[in-house]
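So, here's a batch of structures to check.
Shared chain: chain A. Partners: chain B in the first complex, chain C in the second.
And now, the complex of A and B:
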């Protein structure tokens, strides 16, 4: 019998000479490979039965001025073990071309387009190299994440060229329906272009990045300790998830041991954030079928949770709760009892509402078999979070890569295999109950102790950390590389929306346009977190 | 049906069950804006435009429509199109990609109109100030009448500001008062 190899040994045996070196950083194996082999190796990781890696993140780093090279990083989450594996490669000197992996790994599609826009590095062989972040009116040759691009040279808006850069289907009876960027409801801007023949949608083309604010470049103007406020404002509804992921990355670099009490409190606040968003979304989804009663009750309950947040922390969005090293807000025993009592009340209230919703035939009729995202499609796109779990992708970082206090708590991961709107509602409903259960469990286990840990080391220039948090929407990833004098050299932020948006284009095919808001709300993605 | 009614009776009326805006957060609205808002004292229709916020301001705007705040009771409605709006509520710093749409929306909104900058980002770009993709606060592109600071402002604060805005007296009332005052002195 063959001995069981770890993934790195496995790759070394197959691609021995192509691998330059292997290292480990904070427990994550990094395989540095020749540029011309990147496509073969990533494809092997993606398709090999023993590895089955999904691409979780793909990003570039400009090492100038220290080193005249770009580095490309490919982060894979391996199938069974859910372990991480990084493959990296260098583009030396003026080299600007690299081989695209999109033809084999679909999930790389937007990442490679993003890298082209932000760095000017071109993925050769990419099937769709339209601009993604840079809208058509941006001048040529502007690549904001180049180190020699000044962060504060404001781009001038010019009238965009008349043509829209989209994928079109032509034919008799085929119509195009443009929607946005300014929508009918109070939501964020995004442009959707539907191609329909009769009622069903044949094709949906997304044009996002209207809200691109240059967040990653702004991070590079901060020191490690100064980035928390910016992380909190990447996507307002995921304030805590983002700040937690950022803080964890800095804590890894500074080797801070976060005290247990702080880790437990972080879990409490993360669950509170999950709770108010999920309750609001269940109501929002019902509202998109014109079921106003459920919406009114849900938004009332959501408001209760947000007022509770306000009473406990002084912010309805939990801003200013996290700090590097721990938390700034403590909960007294009385406050915790108030929290749990309020949640008991909310859970009872919500359960009653659930019984009303569950028996509404016209609602279920709209939910069932609407916006189906098949498991295979979800896997190909690397879909994460609630949407993934509803399509049978059994991934939850709280269980798979425990952070905060989740290593000591047992999280029951909700899931479904249907992949339709109803499945996504069901996953949310189960997660609402699970969040309340977790907070109750934490109340029993909450240890005493300090709230902040101290920094141990000064990280070298070039040190990096990768942190992950399961926010309410899904996996939030932060890659943080430090430069001179603790200045941030590169901060790659990935909100789960970025990977889930392309998948929505698949989920709506065959549905009618009036069902699009419903499907969209059931995905409930952030525009701000996607656009950065 | 019975369950729905029971639930409604059990819940009762929740409107107004929110803590008041903190006392230090007093809004003063410029008299010119108040004068402009005279027409909209009884009914104000709002179109919300997001030009690059972090979506917390949107969540608070949405919260205004929930049963707890229920701004419809104050005669404030949310319109689906700028063509139906009396006031634009703009959130977020204006990004380079949203500058065009914002100007379009402003043009499309019929006169007379108010522009309300909601949140710190809309007022001074907040934390995104200086970025290559941010072309400036809202008032650099369209005239702003009212500014509601906060990151994000609480719904109670937004309500307070909107109430303050519509406190002014109409020309008709002023004229009526003047007239009735005169009559009182006549007799």
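And now, the complex of A and C:
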């Protein structure tokens, strides 16, 4: 057998007749297959030693009015090369059923439930087809991403049938502890249903999507140029990550060459966003063990970064920085010096705090071996970002699929194999230093030039692009398909939270209830970005 | 009972009621300073209580009579317990009414009802808080009694006023530093546990799942909450007073002269505020223990108390 086969050739060799056609879009191979073969092919990609594909995204597109069909897309990130491979299949006419891949590929679980809720397409053989996005009070038969569903419809309240779903374990001394969606502190809404025997957690069921705002439907009301503001508002703490991912997708469709200076500035702002969030999280994690000292100092340092953001861009959350084609904000040499000088102070203070944290035995005792997410579990769930890297999943888009200026910078990817709270803190701490180092490196390399590129083409209806950004939480993915008159036909948004939330259910098993907030904070996931 | 005794009892009540919110305020202020925050005024807890007393309480529909009755039981039992502990003068006029055991179980009465009330409101967190409080309370109780007994043995009396009085005038008492020190450390740990401070509980948290004391009182509001909070403040003050006056009663008034009483008041306020500062500093130095390791900490307190007792006999021989 010849050693070098590209993945598409590999699949063609094994599944020849099942593959309808193969195409390439912006360098991403797309294998279009028969619906009845989807389970077999995806399973092969997932398990084959040479491919080892992780399911990164699964989404559906309603092609009406162009075409009466639904299309399902499966995006895989292949093991060694971290290359992308898309498998797609059509559901023609009135066909509403497709074979679930969840029994073989765990990461598809929420995606398939989401597709059922939003499109009414049913994954047959899915082990848990409870409603996910649509809560029980939504009327039957409502699927908001159908093209014939008006974006501004007001839904009737339906009396939820029966009691709350989800009694998982029965037995003497087994109790359920429901928590949220309204919490004692000022945090986002989420419903956590613990099954416990005493204090140890036997099972956790998440019920999210309380902040569902219909973001993907709202995108479909926008033109390509109008979506940036919406992308910035998906998850406030990831303003820049989302706007960057969106802008990149539009730039691919318009074939804009983004000038180097703009790409470098995007990297600077992305690292600033990573910085203020990571510093805030390290403090937040300490605070959840009642170690308020570290929290107070981290809040102070986070505030300094955010005020720096404000001075440089006019927005603490970096809104209005990105635009399609480049950036709207330039940094003068003086501003850049101020930035680097301020980061110098912040790093010095933070290093001092790091020392204090490192020698506090009571704190380390809380962190170590709490909320362990095993590497295999992380891989099965397709976990990304900080959480993944802390569990030994060596993935970072800044290195693996460079965007912005990262192709010219060398990013040292942090990692750990322990998968506990301490590992997640350590990964964050390393990334804080790395972000500061990158910004210093950019100061030396920042080229002169224009800030915006011009559009080259008018994309055809049906053209699409897939863009990825390593935000501070992890991989942010945007799939953007254009319709008539540059109207957005479909925009699939994937915040890293959507993949990491289900994994938290695994990480807490066997831990005690009072440690859950600590584990949860160490994951630090977005509700808004997840609920869309 | 003479008029002067009556006056002294009232003075003591006013002192405990009036000073306990200040102690809470001092601890919060110390923590704020150590965290580089300005923090609220030390008098903020008074304003909080005043606000809560004006607010309408909301009671869960599933609650029985236990829920509204508990704040009153807790408040009055704690206040009664405080009358057994000498603050500015020893012996207390009410010292005949009870000894160490009465003190411990008056406090336990309040805790018991609070645990019932936590279950009574029917929320998931109240039950969790009560079950955790039951663990903590059952472990602190023997340690508390033993540590007080260790001191009582040296004074030859289980009456707190007598212990304080004898220690203060250094008469009829054998001062053995080792048992005293061990009992002191044990009582300090118990103080942190019984009053819901770090590293056992976190009075400042908003995370329902980690709470002990706060989870039990999560459903309280309005004047009920005010009474519970005030009682918690008094309990803290009782423990700080025990620490201050059993182990270092010097400065406390032993006669009824105005100058002695005045000095006693000054010294007392200085001591409890000083201890409040220590508690505040402690809270900033440590993270909260994992729930199941609290038992180890309280076990250590128990062993220390036990050793204090054993040493008393060893040193006697």
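A few points about this structure:
By definition in this document, the second predicted complex is superposed on the first by the 522 of 532 C-alpha atoms of A that agree within 3 Å, B and C clash if a C-alpha of one lies under 4 Å from a C-alpha of the other, contacts with A are read in each partner's own complex, and residues count from 1 in each chain.
We take it that a contact is a pair of C-beta atoms (placed from the backbone, for glycine too) under 8 Å apart; a residue touches a chain by one contact, two chains touch by 3 or more.
On a predicted model such as this, the values are computed, not experimentally measured, just so you know.
When the two structures are aligned on the shared chain, A:98 is found in touch with neither chain B nor chain C.
When the two structures are aligned on the shared chain, A:236 is found in touch with chain B, with no touch to chain C.
By the document's definition of touching, of the two partners only chain B reaches A:135; chain C does not.
By the touch criterion stated above, A:210 is placed in contact with chain B alone, chain C being left untouched.
By the touch criterion defined above, A:264 reaches neither chain B nor chain C.
Judged by the touch definition given at the top, the superposed model places A:291 against chain C, while chain B stays out of reach. Touched residues of chain A, counted separately for chain B and chain C, are more numerous for B. Contact with chain B, but none with chain C, is seen for A:182 once the two complexes are overlaid on the shared chain. By the touch criterion defined above, A:300 lies against chain B and chain C together after alignment on the C-alpha atoms of chain A. Look at A:362: by the touch rule set out above, it reaches chain C but stays clear of chain B.
Comparing the two complexes, residues 184-186, 293, 296-297, 300 of chain A contact chain B in one case and chain C in the other.
By the touch criterion given at the top, residues 177-179, 183-186, 199, 286, 288-293, 295-297, 300, 360, 362-363, 365-366, 512-517 of chain A touch chain C in their complex.
If you check the complex, the residues on chain A that touch chain B are 135, 137-138, 144, 149-157, 159-160, 181-182, 184-189, 209-215, 217-218, 229-230, 233-237, 239, 293, 296-297, 299-300, 302-303, 306-307, 310, 316-317, 319, 349, 352-353, 355-356, 526-528. Contact residues of chain C toward chain A in the complex are 31, 34-37, 124, 128, 198-199, 202, 204-210, 218, 283-293.
Partner chain A is touched in their complex by these residues of chain B: 3-4, 7, 11, 14, 18-19, 48-63, 65-69, 78, 80-82, 92-93, 95-101, 105, 126-128, 130-136, 151-152, 154.
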